[in-house]
Amino acid sequence: MENRLAWGKQVLAAQPFSVLLGAELLSFSKGGVELKVPIKAELMQQHGFVHGGVISYAADNALTYAGGSALGPGVVTSEFKINYVRPAMGEFIVARATVMHAGKNQAVCRCEVYVSSRGAERLCAIAQGTITRVGQPSKPRTQPRQST
Amino acid sequence: MENRLAWGKQVLAAQPFSVLLGAELLSFSKGGVELKVPIKAELMQQHGFVHGGVISYAADNALTYAGGSALGPGVVTSEFKINYVRPAMGEFIVARATVMHAGKNQAVCRCEVYVSSRGAERLCAIAQGTITRVGQPSKPRTQPRQST
Amino acid sequence: MENRLAWGKQVLAAQPFSVLLGAELLSFSKGGVELKVPIKAELMQQHGFVHGGVISYAADNALTYAGGSALGPGVVTSEFKINYVRPAMGEFIVARATVMHAGKNQAVCRCEVYVSSRGAERLCAIAQGTITRVGQPSKPRTQPRQST
Amino acid sequence: MENRLAWGKQVLAAQPFSVLLGAELLSFSKGGVELKVPIKAELMQQHGFVHGGVISYAADNALTYAGGSALGPGVVTSEFKINYVRPAMGEFIVARATVMHAGKNQAVCRCEVYVSSRGAERLCAIAQGTITRVGQPSKPRTQPRQST
């Protein structure tokens, strides 16, 4: 799908919380996605690191996009698990998610979240979760739904 | 600890991301915590429900507080898993976390996230995770760290 | 359902792996289940504790039963997460699972695994997972399926 | 470490539960491991598929080995999460685990479990978990511990 990235950006722009966090969709292809969140002061916890909630947001949303690339519009993350492996400090985080297996109604996806600082990327979290189709997939007017 | 709640609120106020989301600590006792996030337009996804990232933030942070109530200051959520069970729409969400087991350096905690609408609460997510002590627990000046 | 326990025992007896491990169904009601595994020498790891694989088997199977009590026959555990909190040594382990939320096709359940030693129970693991309906739920001859 | 595989096999042979299941260590290098379980009648559930408990055993044990390859002897799986993606039927399952991040006392690892049937492998589960060092790592006589 040629316009997948444009469509994905449109969905992201329609999510007020993603807008609040400043998330950007870097790439979006069948089976994979890259979601970036620039690090700003208001995304921190009390020690100058990116708050875990920002990292889990990025992982969750990237997993949903990855699942949606396999299942089509109208999907949600029904569950996921995340391991934080390193405090994140730098210019931005980027979550990269891929599809490990997709059935008709569910996809199982993985995600790595990296923090970029001075041009170098370091892994800060990994995640794994289930993306589920919702609503009426046959109705073309059904809007995509991420992360209810 | 009498001043636990006051101390917990101080920690929350020192987390810019928690301030951005408008999170409030309702209660904080040994073994349990209640964290509330009022639902505002900017916390939504594209269909008028609370974004999953807000719910996972609440679960993650509540788990950290619960773990900290058992382990003392200077803890992080090292991993957690969340199942979303219902889209959240209403006035606020509240995450309630409890300690299931605490060792010297780690605690395993559970969390339920409810959405409150017109005075009625409904379960919208459940989570389970590990909270780990970091830093120098013997140094009294060590600040608590949530969700690095 | 009066015969739920009898039916559940029949299902367990039809699982060669459950028979190999010596699992027993203690109770089985709408929303909850108790599954017992007597501790034997061949279920150990190399230090005289019950192998984690036995504990995760018990959690997984108990989660499936709990889900099945809400969704009806023909269910599988599609995913779960487990935290081991204490090495298990004693006479038997018992996994107790309950339904936290059930929709039409999926249930989210929790489980605690205890080890019993000299009459005292101690928590050794907690788990959380998703149970999914499979197959043709309308066909009465559909056999229950646990943990495919 | 040249003798890593030999050492790993020795550990496996010392786990009665692994012997009961017929598990074999195929490879064991720094950062990765392959654990095989031949499919036998007694490892099934009631529909002729490998029981989920066998698959989660393989994932759990492979994760522990992977973590041990980074942290050294004396490790346990403290938590893991698994998604089953396909029923397993064939000649054997093989769990392949790798280290995603290793600190001083903990490693975060991933695992894929494949089922092999007539020479073809298919993914049947993926897992992610934390492996933790236990005991006195400085004492050379400390035995490795998997999956307490």
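Brief remarks on what is shown
Per-chain residue numbering starts at 1, and chain names A, B, C and D are given in the order in which the chains are listed.
We adopt the following convention: a residue touches a chain if its C-beta (ideal position, glycine included) is under 8 Å from a C-beta of that chain, and two chains touch if they have at least 3 such contacts.
Worth saying up front: this structure is predicted, and the values here are computed from it rather than measured.
The chain pair with the larger count of C-beta pairs in contact, out of A-B and B-D, is A-B.
Among the other chains, B has the CA centre that is most remote from the centre of chain D. As a whole-number value, the distance joining the C-alpha centres of chain B and chain C reads 29 Å. Separating the centre of chain A from that of chain B, both taken as means of CA atoms, is a distance of 21 Å. Annotation: 33 Å between the Cα-based centres of chain B and chain D.
Within chain C, the positions touching two or more other chains are listed as 78-79, 81, 83, 108, 130. Residue ranges on chain C touching chain B, taken from their complex, read 81, 83, 85-86, 100-101, 103, 108, 110, 112, 123, 126-130.
The touching residues of chain D, when paired with chain C in their complex, are 11, 14-21, 41-47, 49, 51-54, 56-57, 60-61, 64, 76-84, 87-88, 143-148. Across the complex, chain C meets chain A through its residues 78-79, 81, 106, 108, 130.
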